[in-house]
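Look at the two complexes coming up: subunit A is in both, with subunit B in one and subunit C in the other.
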Partner chain A sequence: MAAAGSISADEFRSLAEKFADTSSKIDDGWHLEILASQDSVYLWRKSILPRSSQSNEQQKESQKDPGSAPPPVPSGHVVTPTKMSETTEICAQLDGQQLNVHDWDEMEMEEDEDEQCMPTVLLEREVLTYEYHILYSESYAVPVLYVNIYKQDGKLVPLDTVWEMSPSSFQKLLGEDKWTILTQQEHPLLGRPFLQLHPCHTGDLMSQVLKNSAGNIKQNYLATWLSTVGPMVGLHISPNYIT
Partner chain B sequence: MSHIQYAPFSSAVDPGFWQILTEKKLNEFGLDESHQTINGFYSNGNAQGIPPQMTVDYAAFNREWKPPPRSFPVCGTLCNTNTIEKFREMDKKQLLSGVGQELWEDITSGKVLEHPEKLCRFVLLTFSDLKKYHYYYWFAFPALKFPEKSVYSEPPRALQEVLPPEKLSALAEAYDSYQSSRSTYATFFVVSDDGNGPIIADFKELDKLVSSPENVMVGVCDPSAVQGYPGWPVRNLLSFLTYRYTGKVQSIKVLMVRDRTHDGVRDFGQSVVASIAIPALEKEDILILPECVGWEKNERSKMGPRMVNLSSSMDPTRLAESAVDLNLRLMRWRLLPDLELDKIGSTRCLVLGSGTLGCNVARLLMSWGIRHITMVDNSKVSYSNPVRQTLFTFQDCINGGQPKAKAAAASLRNIFPGMQSEGISLSIPMPGHAITDSVLEQTKEDVKKLESLIDAHDAVFLLMDTRESRWLPTVVAAAKRKIVINAALGFDTFLVLRHGVRADDGPRKREGASAIPLGRIRGCELGCYFCNDVVAPGNSTRDRTLDQQCTVTRPGISMVASALAVELLVSVLQHPLGSDAEADTSANEDHLVRDAECSLGIVPHQIRGFLARFHQILPASRAFDMCTACSDVVLNKYKTEGFDFLLRAFNEPGFLEDLTGLTAMQDATDDAEVWGLSDDEEFSSGPGSMDMDT
Partner chain C sequence: MINFRSLWFQVNITRGGRLTMADDREILREIWEGKVPVCFQLAQEEVYTGEQPDPFFLLVPRLSYFPLVTDKVLRHMMKHVDPEHHGEMWLEFDGQPLKWHYPIGVLFDLYGMSTDLPWKLTVHFQNFPEEELLRCSSKEVVQSHFISVVKEADALKHRGQVINSMQKKDHSTLWAGFMNDKFDQFWSVNKRLMENSGEKAFMFVPFRIYRADQIPVQKLFKPCADSGESLTLRHLLKTAVPELMETDALISSRVLIQGIEPPLDTPVCWLSEHLSYPDNFLHICLMPRVEVES
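This part shows the complex of A and B:
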């Protein structure tokens, strides 16, 4: 019998199917990918968020309550810069070194301002794409969360920046044991580098949770687990998944 | 009233797009620079504050392509140049106006009516530097300056302000059932209401407009989430509507669908309705090709290209580096929080001898994250070597054999491209191997080379196959106060030791052992490999039979000794006092239980192993005043006379003994007495008695 807190591959598949179903009903963006060749399924979703939403409490508040949203834009001015922005600016500077400034200037075009185009300063400059994948780990017999966060040019946000971006409630935990929690690994199905929330604590966590729930203990497994660990990497789970 | 301004697309490139572009460039395009058709998409569900993104991803080149669910296609033209110069010199205006002309033809021919998605286009100019994984790129989202300006005839309002809730949900329902009846979502469509609820039809039904413009809305899925600014597709739609209906209708009602969901709650009511005036244009105004604009501004808000460096996520070498680094850091985070990985990793190591010991030591240094390794040897790889000498393969032996040092250094880089390894073929001059005039200049060169190598490294490994070849590097390294780790093998015995490193350049001080507990010796007072000897190094190969000259050791011995040699170096580096770390003697066995000053444990002086008994001991000994390699008198001579001194040591038998006083001591003492002082025959006779090999 499987250890408390773990699930079988078949259980994962049916949980994942239900999760994707619920998502499509509420347009939550999760998709079920079926890899027939590898006899595997995984869930994935992309979310686009302003770069600072993870570390900016004010921004989070406004997201929670769209009904009373503050006057929109220019959010580029509202958002306070964070460590993240400094890091990315440094990256941008380094990136720029490959061609000297003269070359860049030379490539710029002199063009009359397009009067029908809104002033781009009014747009939020930097947004990040969060790509989440949920896979099943045979060896741990639990689901595993993979995430990549990248800028609009496709550059991945490095691991230490992702640590810095995680909410303060997770910072203490990360400080003590960050390497056992969030590290860069190869995506086992796609072979690309991804950040992985390490599955070694998932079984323990879920056995605690399942112990306290009666009856249909496993039907909320994915949502319960994700709502616990997801916020570390900017993933929030709608209550709609809890049945 | 002010004219309408549109929110431009903001390009978003998934990492997977760069990956597929790289593969296509390498395997398919080659040097072909002709334009490629690619696919992008946008969504109309962006949260407020998110710019209207147009995304290209891994599937961009697929022939049978469909946008992801609830996304809308944007038809792209890729122009990938072979060089940065071509990228720079490309006539961007011409490139864009070419696509603008296609757009204009689609509009004027009415093709847009059947295929309205043709209104949404992009151009992508790229140059990929595939050696560095640097990508230069510039997106354009073509828009025609037609009409020159547009104005609202009725200002935009949120749908939820215009429609009562039940009508709003009826419209949302009609929209859903229309979109889900199609294989992909439609970007543009027509909404009509004859009083019996909303009906949504394909865009080609647009001409209904002319008959009853007040009951009809043109629907467009709007990527913009910015209040007051419609997105780019609305602009292109207006070009088409203006061309087709100028003079026929005065204004057209447009429904810009912004289909947000937040936390499972849909917010269709944020969609925008506006009436837009259709200017009455003269015939000749609609005959000329309008100007096309739309190059994207870069992160500096300039009309210029962007560059992204993806080496950290795409370059296999960089991936290997970060994986290796992560592995070491894992050790630090999990077990030894104060492990000085940077200090260890930045130590430059000189490996003298590239045989079994040299190969194994280099591999282990690499495992510890040390990148800078210089291999030295003077021989070539022979057929017997690869099975024991772990950096070589059969290939290194054929055609006379590769030089060992170069082959070993290349092998390190093969295993891990992040290595900065160099191989140097060099013969080390030795006492007892006389220097004839014919090789004098060469010997001078070799000494100079060795001196500069020792200068340029932080730690020196002595792993050669004779005792006397270790003399010169011992002297030089002692004079330069470098860390020296020495390993020597017998058939089933080994010795690993660190040389004492003097505290300063002056003569060695004999501080009383008062501050140091009995049986422990400061690192600066420890002896070297030659300190236990009462004879100077001489030619040890002269009378040896073949079996004594070749590697005749139990194969595991080299592995064990190499491992201990590297771990000894790491323990020295990690110790707060570095090379001055005290050493215990194993006579004082509390080192097995007491707490060490260093998180890696104690730092012994010597490790002597006896494989026949699977036993090892950790003796320590002080530097010998009459040592032929590290005593004050030898170092002073070397520092003051340099090569002339060395030459006499190489050439004159007895010179070093006379110099250090060993001869006098031997004369004054009966040999039998010296041996009688030994308290443990097993190892007191010193390294000189062991067969050595690499």
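This part shows the complex of A and C:
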């Protein structure tokens, strides 16, 4: 009876349990939270990532002129994404930019010879804490992604900035429809403000994906969906989730 | 509110619950025109000019949202706060920050029902409680919130087929009608969202249940049993807040929709069609009865 691209609450629960199992195997920090009182489950993860190296102004500038070279990264040693570990690649994709050495330090990456000549002046780089929640919406019969991004002082990064931080591949979409794609909403289980990726198109999106894919796609529903929409808010999913 | 209540009973009792179109419209009108008298006062500790500004009085529509009706309050109070240290305006009642994204009528039923009128609210420009309240930097934020709730309601009622078949201009008409208090304009679009017959019969009834200090409850609820029997408000409460029905808690609770206490035997479909807010949700408040009668 469920429309194409949607899943039932029971399906979500079992997918979420499997997702948390995989996460504990690869140790990437997703947890399953069970709220008995509300008869609900959700997945959550906290990630600490460096803030985009671009200032908002620079980013706006580069959007105006997509043909031009990317704005220069701050002075210091520059590493290319190929040298980075998986976590750093996530950040590199988030930024759409190269990262400087300082970012490694903030994230406690494994040792590298470059680290020793890291200039201390860059230590002031801002680090952001991303809190992701994946809930099930009964109304839309799809999973919904919520995120809050905190600055080091514990304050929330405002919605405008989150729109601007989104990778360039999402900017066109956000430019036209940002108010119907990513806005602040009340978290339905916790009652606190969270940014929400609107669920109203998830069913359509997933029915397209399911149609065009062979194999165990329903089993990979969460990973497939998250790898499609997650990058908008800096979330990247390990290939280990695809079975 | 009182007028409406007597009207409802009159219609329901004298005609055995059968309503004509004209009655329907009268009820919708009555709901549309519901207002709450509010007295806005600047928080004492935020008065910068040395002199407490006069309170500001407004009669605000129950169906609206505070950011849509408080422009004048903002301008009046702004003159008296520290120009260097102020942020977004937010409202508080008796220590409780008010969530602007709930309709005013819901906030009033939850927090203001047992106080003297006008409802006295405190205006703040500092220490925005960002762990409790959504930010609201412009009316676009309210519009986006409103449309997203309407979409969710239609996802529940018609699998989203009505709202998705509308054009952007229909959404704009709906919003403009609501924001500018144009009943006919609003209903020219809303009647399609409220269609409830044949293929367009409501699949689920969009509702939320509020209690002070609790997270709102929202569940899937079909308006009719498999036998075809119309389900009532009592059935809905049994499904959504079973703990309320198990004890005698219900006897000590008031069930408020749009400021009135509908009989628990009222069909949920009727309530949804007539007492929903413009966002197409039936917002139900549960209040302890004791306080009110003391």
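Remarks
Assume the second predicted complex is superposed on the first by the 167 of 243 C-alpha atoms of A that agree within 3 Å, B and C clash if a C-alpha of one lies under 4 Å from a C-alpha of the other, contacts with A are read in each partner's own complex, and residues count from 1 in each chain.
Here is the rule we go by: a contact is a pair of C-beta atoms (placed from the backbone, for glycine too) under 8 Å apart; a residue touches a chain by one contact, two chains touch by 3 or more.
Here the structure is a predicted model, which means the values were calculated and not measured.
In the superposition on chain A, A:Cys200 makes contact with subunit C only, while subunit B stays out of contact range.
Greater residue coverage of subunit A by touch, when subunit B is weighed against subunit C, goes to B. By the document's definition of touching, neither partner reaches A:Gln219: not subunit B, not subunit C. Of the two partner chains placed by superposition, only subunit B is touched by A:Ser238; subunit C is not.
Residue contacts after overlaying the shared chain place A:Arg192 against subunit B and subunit C alike. Looking at the shared chain after the overlay, A:Thr183 reaches both subunit B and subunit C. Once chain A of one complex is fitted onto chain A of the other, the partner contacts of A:Thr161 are absent, as it touches neither subunit B nor subunit C.
In the superposition on chain A, A:Ser40 makes contact with neither subunit B nor subunit C.
Of the two partner chains, subunit C is the only one touched by A:Tyr140; subunit B is not.
Touching of subunit A by both subunit B and subunit C, each in its own complex, is seen for residues 155-156, 158, 179-180, 183-184, 192-193.
For subunit C in complex with subunit A, the touching residues are 99, 101, 130-135, 140-141, 143-145, 147-148, 151-152, 155-156, 159-160, 206, 215-216, 218-220.
Within the complex formed with subunit A, the residues of subunit B that make contact are 3-8, 10-19, 45-51, 53, 69-70, 84, 88, 92-93, 129, 132, 134-137, 143, 145, 149-150, 226-227, 229, 235, 260-267, 293-295, 297, 299, 301-310, 312-313, 319, 322, 326, 329-330, 333-334. Those residues of subunit A that touch subunit B in the shared complex are 26-28, 31, 48-50, 63, 66, 69, 72-73, 75, 92, 94-96, 98-99, 103-111, 114-125, 127, 129, 131, 148, 150, 152-156, 158, 177-180, 183-184, 192-193, 236, 238-240. Against subunit C, in their complex, subunit A makes its touches with residues 3, 38, 138-140, 155-156, 158-159, 179-180, 183-186, 188-193, 198, 200.
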